[in-house]
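Structure in structure tokens, see below.
Note that the chains are named A, B, C and D in the order they appear, and that numbering of residues resets to 1 at the start of each chain.
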Amino acid sequence: MKSEPMLLAQQFVNGLMLGSIYALVAVAFTLTIGVLNFLNFSIPGIFMLGGMFTWIFLKSGLPLGLVVLLALVIGAAASLLVERSSYRQMMGSDHFIPLVSSMGFLILYENLVLIFWGSDIQVVNSPFRDVSVTVFGLIISIPQLAGLALAVTMAYVLTRILYGTSTGRGLRAIAENPDSAIMLGVHVFRIVPVVFLFSGLFTALAGVIFALNYTQVHPFMGEEVALKGISAMVIGGMGSVWGAIVGGLLIGVAEILSISSFGSDFVDIAVYGLLLVILVIRPEGLFGGSALGRERL
Amino acid sequence: MSAVPALKIDNIGKHFGGVKVIDQLSFSVPLGARTALIGPNGAGKTTVFNLVSGVYPLDYGSIALNGADVTHVSQGERIKFGLARSFQNIRLIAHLTALENILLGQQIRAGGLRGLLYPLNVFRRNKWRDEARAALCDVGLEAYGDDMVGDLPYGVQKRIDLVRAELARPKLLLLDEPAAGLNPTETEELQAHLEGLTERGITLVVVEHDMQFINVLCEHVVVLNFGSKIAEGTPEEVRNHGAVREAYLGREEDEEAFSHAS
Amino acid sequence: MKKFTRKLAGSCLFAGALVLAAGSMAPAHAASELLLGYLSASTGPFVSLSRSNSIAVDMAVEEINAKGGINGKKLRVIRFDTSGKPAQAVLGLRKLANDDKVLAIIGPFSSGEAGQVFPAAERLGVVTMPMASSAPKLAAPFAYAFRNTMNEGILFSSLLKTIKQKGLAAKTGTVAYATDDRISKIMGTRVLPGLMKKFGIDVTGEVTFKLRAFDFSAQVSKMNQNPSDLVAVGAPPEAAINLVKEMRRQGHKGRIIAGSTINDPDLPEKMGAAGNGTMIPSAYYAGLDERTKAFDRNFRARAKKAGLERIRSSQFDAQSYSIVLFFANALKTANISGDPARLAEERTAIRDALKAMKDYPALEGAITFNAEGDALKPVYILEMKDGGWTLIDTHQPPKS
Amino acid sequence: MTSYQTGLLVILSINIVIAYGAYLPIAAGQMNLGIAGFMALGAYASAYVANNAGLPPIVTIFIGAGFAGLLALIVAVPILRTRGIYLALATFALGQIVAAAILNVELVGAAEGYSVLDHFGLATIAPITIATIAVVAYLNRTRFGLNLTAISQDELLANLFGVRTRRLQIAAFTLGAFFAGLGGALHAHYYNYIRPQDFNILLSIYIILFVLLGGTRSVLGPIVGAAIFTFLPEIFRDLDKKFSAFFDQVPDWLGQASAWRFAIFAALIIVFMMLRPQGIMTRGATRAAARWVAWCVRRLGFARSSGARP
């Protein structure tokens, strides 16, 4: 039996691990919202595609590296499809119109997977199953730790791209003011797909990590995670990459601690209550100051 | 001329970021007159309008309309003090018809819950709609009443914008470049129309680039540069003012650079 | 723009006409047929479970018709897809009962659908019989509602009886359940803790989670504070899989027990070695006797042909199969003619025949309906061993 | 009319009422993603009062709707401080909290769901829907409707002309919640069994889709949107049987189309939005449709055209 502080520490670790999944999804959301002011509801679908295809390719006996690569490619392609047929078509129309067709993509992706692979929860034959280490009495899952590290690394790479390349400068110019970005000669139609590409990659990666960690996938796996990811993004401050990471970890810890102390009845009230309070009291989020681009709405 | 000016601007200032857009500006608009506000691009003319109509809060100073201090009155309340304005980039509601856009101008008079819930478009006769249609007729636009404004030509939109502001029955009307983009015939019609407004007791403040237009229309001119007043007087006086000549002629090439900041 | 609108309006009109035309098509009601309705969930979240039920229903109908049908008439099933949505299930019920004039209805699938279908079916006076709804007392207030599922209380106490008789380690127990699901919550708050106490098992802890939860680290860390011999799970199979894997990862050695909610023929495969020792009560065991083995063989062949991911027959498949047999039996004993003019009275006769049915020899064993409309049948206690379920004990139903 | 058609019309009628719950705030430029939460409030309040106070359900549905509206009014003041996507997310959080809270209220069955005793059929629901349409159509023809459009397009301008933008937004939000609550109450009394899980975020999103797909500028928009969402998946149901009513040869793949119906449906939504990002019923389209109906009436003669209204 562990002492109370040890249990708390263990729960904190558990929360960070769970939060790393939320963090990746939150980064995906924050990219399209921060740069394009577009709440991309197809993200849960892309997350699911990442997870489902990890299962499908692993089942067919491909090596893990190839599986991950293929799942990421599919996720990115699915995201670019959304850009092509929803966002691009509707630039300049009512700001919540693209949301409709991105939602259409969520329904489409989920139902296509349902038709071909059914609704059962599938068990992923993950090579990382049950790999854990015990450090100072704390049980830490290796793949989850790797997922956390990967999330932070990806966020670092992303910020380097944003602040170190011409594409990044273009992105930030669009985020600041799309009209003047166009006047300044930023190729919006070349840059916008990049946003979707990154957002798709992050989401699919989260799906892959999810599949390998939790060793289970199903067609609706994206919804719950995405809702938490949105909350994480808001708490961190929309448009802020590091805010999304911290927000994701925060939501993970908050969720685990409230389950552990109050039971699962209280989780949603706690998480969404926190979201609501932050939106009303401090809509720019906890890290709004370092935002990628100013919120234009 | 009455002792109480229609608009009294007393030592106001406004900055955006580090840029002082309006700096220690004071001037008055006499009641019943047609005043022009001129200056090079970026001089802060539209900002003055935005400050007067309450779109931006002041950094310091005060603004009075017909003797009433409105410095701390919110933008939505200032129309009650008899203030209406038009916009440099026409702001019509594209998803409404011309007639409905004009109905919006009556909002301040229709007032109250009863006014809100009184049907505009159910009974064949309706005083608000009749009034709006009559106002459209006056400017020769009766044919466009039921068209969506988004599809209408620029000159027509310009007139609708003006009629809408008039229907608020303001005492003071701020017009931001009313003649921009109009052909000579339309400009002449506009001049006649504006003179008619003064006869109905409306005080006008006009931001305009067309000096010809101002010379004919206005009796009082205020010249701004870099957010401060550099001259004031009749068109004749202002035209011969040294600072004004320098501001206009000496800085020709800078105009482009300022055009986005205005 | 105008042209587009006109085209659009035209196609809307055509589409509407298509819906209405199909809706008003007179059912092909041949005098030589007896009609049953079937509310299946062949799209939506239950598609995998429901698709295999459909195979079992077809098997039953074909077998009956191959033997010459009932009362000299062929049996025919009319399907309606509910997508697992309660609103669609009610729509389907109304269509099947009023438009197609079926005699009785197989399904709907889930408790969520059944909750809305039962009151509507009661008003229409038609028997409905879900194959998977096991939320306690759901059918009790309704005279026309039957369920071919057993009370979870009976199931779970049979399991505990076996555990005690075999002398397995059972001093302490923890309850783990989902709070946002009807059946899970009832299991977790009433059935599981109540019966464990009754059997002298010390309930030392309780953890809760959400139905769709995938991360159980918090719950297991808490459970590890005070590890117990038994972990009683009130949740669907998915949650149990996740829970057991997380338990093993964090080094919890307890045995999983549950009601029939986690019953799934593929569960041993999905839990892997982590699940060894898991015990459940089941209403159906495919390896029971020649008849169930033959059913399972036949079922697997058809499932494979239909391209399903899951090919082993589950308790829901067996229960769907039996529902058709119950209806066939009731049609025969009540001497139902299928005459549309006598529809209401014949539907009531079917209800009464089902109520009167005693120890019907079904695939699952001898079946009788109790006063609440739920089936009483034998309970098979299954233990998970090396990737499969093994039968370790059988309890006959209490004589009513 | 067959029961299937009546049943579809009931679903359509309820969907239309709820769609107006989303339409009103959208008309004022706000997206309420917590519509399902307000539906739940209306459904549970109405069911509880009907079950316990013995009032007739025709009264309790308005009590339920009023309850939803009242709660909306209370939360509107802090929530409507946010705008745009922030508002959408705040209302989303609110809806989640409402559902999670009801899951813990044992008084109304918590996770077990709640049985509702009194039943309504189409005969009660349809007139309420028609009344709802009439109220919204009326509001659209008043200065209230005019001002909402103005606010959604150019809030600053509307404000400068003296439109009480904030009050009107609160009014639209509250009235929308009232209609959502009304729709929820109708749902409760038609299905006689409600669960908190049924009022989830996906339902809210679907309702928003009704309006955005149908069009936000016309009273007809929510009706058209709700009709598409109600009927379109039905068209693909049993496509092979429908086909066989018109043709002798039925291709095999049509039998499979049923399984594909939601995928096809989703693809059609995407295509619709590509073709008409402003929604189907813009004001221009509404006028064109009116002209088209008039044209039909002339061409077909009044007697035969009564069923031809789209």
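Assume contacts are C-beta pairs under 8 Å (C-beta built on N, C-alpha and C of every residue); 3 or more make two chains touch, one makes a residue touch a chain.
As the structure is a computational prediction, the values presented were derived from the model and not from experiment.
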Keeping to the contact definition above, tell me which chains border both subunit A and subunit C.
D
In the touch network of chains, how many steps separate subunit B from subunit C on the shortest route?
2
Centre-most chain, if every chain is reduced to its averaged C-alpha atoms:
D
Compute the centre of every chain as the mean of its C-alpha atoms, then state which one is farthest from the centre of subunit B.
C
With centres defined as the mean C-alpha position, give me the subunit A-subunit B separation in Å.
49
Averaging over Cα atoms per chain, report the distance between subunit C and subunit D in Å.
33
Would you mind pulling out the distance in Å between where the CA atoms of subunit B average out and where those of subunit D do?
42
Indicate the residues of subunit C shared as contacts by at least two other chains.
43-44, 179-180
If a residue has to touch 2 or more other chains to count, which residues of subunit D qualify?
103, 259, 262, 284
Hunt down the residues of subunit A that sit against at least two other chains at once, touch-wise.
111, 114, 223, 265, 267-268
Graph shape for the chains shown, where an edge means the two chains touch. Line, ring, star, complete, or other?
other
Can you name every chain pair that touches?
A-C, A-D, B-D, C-D
Looking at the complex, which residues from subunit D come into contact with subunit A?
26, 31, 78-79, 81-86, 88-90, 92-94, 96-97, 99-101, 103-104, 201-202, 205, 208-209, 212-213, 216, 259-260, 262-263, 265-267, 269-270, 273-274, 277-278
Interface with subunit A, subunit C side, in the complex: residues 43-49, 51, 178-180, 206-210, 212-215, 217-219, 221-222, 224-226, 237-238, 241-242, 245, 248-251, 266, 269-270, 272, 274, 308-310
Contact residues on subunit D for subunit B in the complex?
138-139, 141-144, 146-147, 149-150, 153-154, 156-165, 217, 283-284
What residues of subunit B sit close enough to touch subunit D in their complex?
53-55, 75-76, 78-80, 84-85, 87, 91, 93-96, 100, 103-105, 107-108, 110, 115-122, 148, 164, 168
Which of the residues in subunit A end up touching subunit C in this complex?
1-2, 7, 10-11, 14-15, 17-18, 111, 114, 117-123, 129-130, 132, 139, 141, 210, 214-216, 218-221, 223-224, 255-257, 259-260, 263-265, 267-268
